[in-house]
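Structures given as structure tokens follow.
Paired with chain B in one complex and with chain C in the other, chain A is shared by the two complexes that follow.
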Partner chain A sequence: MAEQRPRLAHPQPGNSKQQTSRLARFGLGLAVAAVFTGVVVVALSAGWTWFAQGTLDHWLLSTTFTIERLLPLVGAGFLLGQLPARFRLPVLLILGFGLVSALITRDTLMLLLAPLPGAATHFFLVGPIACLIVGLLLVLPAQMRFWPAMILMPSFGSALGLAIYFSDPSLHDRFYLPLALPVALWLILIAALVTGLVTAAWTRIGVRVYGSWLVAIGMLYGGAYMASKQTQLVPPPFVEPPPASGDYPGFQPLLKSLDRHGPQRPVLGTDHSGIGDLPPGEERGT
Partner chain B sequence: MRDRNKERLLAAGRVAAAAAFVALMPGLAQAHIVQGGSGGFLQGFEHPLSGADHLLAMFSVGLWGAQLGGRNVWALPITFPLIMVLGGILGIAGVPLPAIETGIALSIVVLGAAIAFVWRPPEWLALTVIGLFAICHGYAHGAELPVAADPADFAIGFVIATGLIHLAGIGVGLGVSRALGDRMIRIPGGLIAVGGLYFLVT
Partner chain C sequence: MTRNRCAFRGSRSIFAVLLFLLLPALPALAHPDIAITLRVLFDMRRGVLTGLGESWTFDAAYSRVLLDQFDRDRDGQFSAEEVTALRDKLIADLSHKHFFTELTMDGKWATRLQPVDFAAESHDSVVTVTFAFDLAGPLDLRGRSLDLEIKDKDYVAAFKLADTAALQLRSDGGHCRTSRRSAPDHAYFVGLVIPDHISLTCDP
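Right after this comes the complex of A and B.
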């Protein structure tokens, strides 16, 4: 009679380790599949625009791949990738919450941000704010990032959501938001995957250095916007009109091409009679 | 033994070639506060690279960090941009600061001399020295920002370029000390200090 293996009341350490590694492998496979799917979606979207318009100037994702959008997105990815695995989901969820709530309550947020100097003319400073938040979180030592991230990530998500909303290159194409939002999250995922996989000691240092760059960029370009020397529209300088000559100024022929040969409207006479002169060689008909 | 000598010779040749490349780079004009005109990412990226004084100072920050070793390898390049922001804000706000160009030239002399004479101050002092000079460099950048056509891209460009020069300094410092020994870092340090004296005098 075959010996039956006893049922285990508690999971053995070996089993638990195996399960964890299987789960990690599943997660990794899922992430790689998501990255690949994203590449396909982005390539299809670019190809579709190219074939339809012959140019990528009005590509829906053209603003998503600008450097000022990519820097904080990659920073957020680095942050997620270097968090312990159990903290990643809460931070990602709270970021998503901030992002969605910004799209719903965008008018209120704009009202809140409007008093900042230069805000209304510079996309409500959402770009510098996003850089600053992610930079500050990355400069912190890795083990001290979780709670500050839980506090600041909704604000980062909101800044990101508003930035995506403001930079619609198509003027309300219904596919813009459904495309731009997942692609932004996909970019975060790629950066998180890279830092999650490459765990050498120098990556922690590199990410903190990157964070210091983000803080500097956020402060400087936010500051530059706020200190912008021209904050309101200025009318052109007044130019005094030439003195009146009595020759009905403004009614002289302006362009020689309009004075070409052939039938043309009579112009106002030089004798100020109101009866126009005819071009030389033409006679007035009856 | 012969192989070892050959390796050393090769490494010295590489370092010499890199030094010659840097020395012969055209257009190494003195960094300046532009009084108008336009600026975007490329102009911002070019700004620290096109002025020899900014370039030498940033490079020596990385080199000094590598020479000091330990935590300083990353503490100095992280501190520099963070403090540089303060100077940048003063420059943006138009707060008058005297002798900024002299401060920038002095930063090259002090950092170069620190490397040449292997000065190993306590961490707080090294960070203070770096911070003081970062304010001068930040001011020069910040004063230019509000007149740039695209301040966002300008700021991104020059912060990334500054960071990359720091990384180049760290890379050269660690590479030279591994290939040729710690003493060899003193030579570029001395050359940088002499370059700083030139800027200070002119």
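Right after this comes the complex of A and C.
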């Protein structure tokens, strides 16, 4: 009994190493599985669009894979990958917190950012802000990044969340956010995985150089947007409806439906949950 | 020293390439992306509003998107099946946005909108979709006024009333009239966009 006590208090170095290596292999396996799953999801989404439309022009993820979005995402991945393993999860969680809270409180965030020159006409400058935050963190020496990351990553997450929300290429496609948000996180994880695996000394310098580029890009584009003379949100040119004859131009095909009453006028749509419900908190007028 | 200079030059070149690559991303920043020209039909029965029609004519670019997505046989027109597919998609995507339509009386939401019919057509590659909505609770407007605003609060789509026949009244017996005005007090998207405010007023 007395012999067993020290064994429990001080595990043998060999066992500890074995456990660490097993844990590392498990983590790596998980990461590879996540990368593979992500590749499948992105490929399926692109393939489906191609099959249905014969082009990828209107692919829901087309804005996710623009260079402006990829640069800060990859930067965030580099940051995570070069952090000591025990710090990665807290930083990732706080990034996710910023991202989700931005989606919930986007009106407030927009109001906060709106006074910046050129903000409203340039997506509230969230692209340059994201580049600046990640760039500044990457420029720091690797061992000094954790606490600044814990402070700045919620803002990065918020900028990312708003950027994703605003760059919906569709008319509020219900699949856009459920697809674009995980894919953005997946891109960060891929970059983190690669950076975590390739630990040669030059990668530390390379990542700091990349960070300095991000700072420069963020400042250049942020400056250009703020100096932009475009202060009005200009929609595409409106097109007048086709000339129509009849008493109610444009509505002739639907008049019969409007003439029906009650059960003879069935509601369209496969899922009626929420169709036509009043917004939460709204009271009906009398 | 020479090696350092080369590295610096290489770094600058890559930076220049990155900036160059960023340029094509700029047009994607355009907001709003979609322009919709509106016509509205108020369907009345003896002073009671029972239905609402909305006709949306999309801008040329978004019409192209819709044709690419739904005109499967590429004939420039929507067949019955294609109309059904477009209808299901729009209803599924926009029902939680209440089809951007706010019907209010005395500042409070008046009733629910339920889509009961849909039509879509393409003229010269410009797509117009038309919704017929049922009102869950018919609104007795005799001696009262109803307010209508159609706006996308995220400003992905911008709405504008058509120049001709924008507001139409059906079966009102000549007792109701519509009016429209700009409503700066209802500005949205951080106060940058001023919606058209439509009123429907009926005699007692």
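The definition used in the following text is that the second predicted complex is superposed on the first by the 218 of 286 C-alpha atoms of A that agree within 3 Å, B and C clash if a C-alpha of one lies under 4 Å from a C-alpha of the other, contacts with A are read in each partner's own complex, and residues count from 1 in each chain.
Criterion: a residue touches a chain if its C-beta (ideal position, glycine included) is under 8 Å from a C-beta of that chain, and two chains touch if they have at least 3 such contacts.
A quick note: this is a predicted structure, and the numbers were derived from the prediction, not measured.
*Asks:* Looking at the overlay, what does A:E68 touch: chain B (first), chain C (second), both, or neither?
*Replies:* both
*Asks:* Once the shared chain is lined up, is A:R86 touching chain B (first), chain C (second), both, or neither of them?
*Replies:* neither
*Asks:* Would you check which partner chain A:A216 touches, where first means chain B only, second means chain C only, and both and neither mean what they say?
*Replies:* A:A216 sits against chain B and chain C alike.
*Asks:* Compare chain B and chain C by how many residues of chain A each one touches, and report the one with more.
*Replies:* Result: the larger residue contact count on chain A belongs to C.
*Asks:* For A:V239, select first, second, both or neither according to whether it touches chain B, chain C, the two together, or no partner.
*Replies:* After superposing on A, A:V239 lies in contact with chain C but is clear of chain B.
*Asks:* Which chain A residues come up in both lists, the one for chain B and the one for chain C?
*Replies:* In chain A, residues 67-68, 71, 127, 209, 213, 216-217, 220-221 are touched by chain B and also by chain C.
*Asks:* Which of the residues in chain A come into contact with chain B in the complex?
*Replies:* Touch residues, chain A against chain B: 67-68, 71, 127-128, 139, 205, 208-213, 215-217, 219-221, 223-229.
*Asks:* Note which residues of chain B are touching chain A in the complex, please.
*Replies:* 41, 73-74, 77-82, 84-85, 88-89, 92-94, 141-142, 145-148, 151-156, 159-160, 163, 166-167
*Asks:* Considering the complex alone, what residue numbers of chain A touch chain C?
*Replies:* Those residues of chain A that touch chain C are 52-55, 57-58, 63, 66-69, 71, 107, 110-111, 114, 120-123, 127, 165-174, 209, 213, 216-217, 220-221, 233-242, 244, 247-251, 253-258, 260-261, 265-271, 274-279, 282-286.
*Asks:* For a test of understanding, state which residues of chain C touch chain A in their complex under the given definition.
*Replies:* So the residues of chain C in touch with chain A come to 11, 14-15, 18-19, 21-22, 24-25, 28-37, 39, 41, 43, 50-51, 53, 55, 57-63, 65, 68-69, 87-88, 90-98, 104-119, 121, 123-124, 126, 128, 130-132, 134, 136-137, 152, 154-158, 160, 162-165, 168, 170, 189-193.
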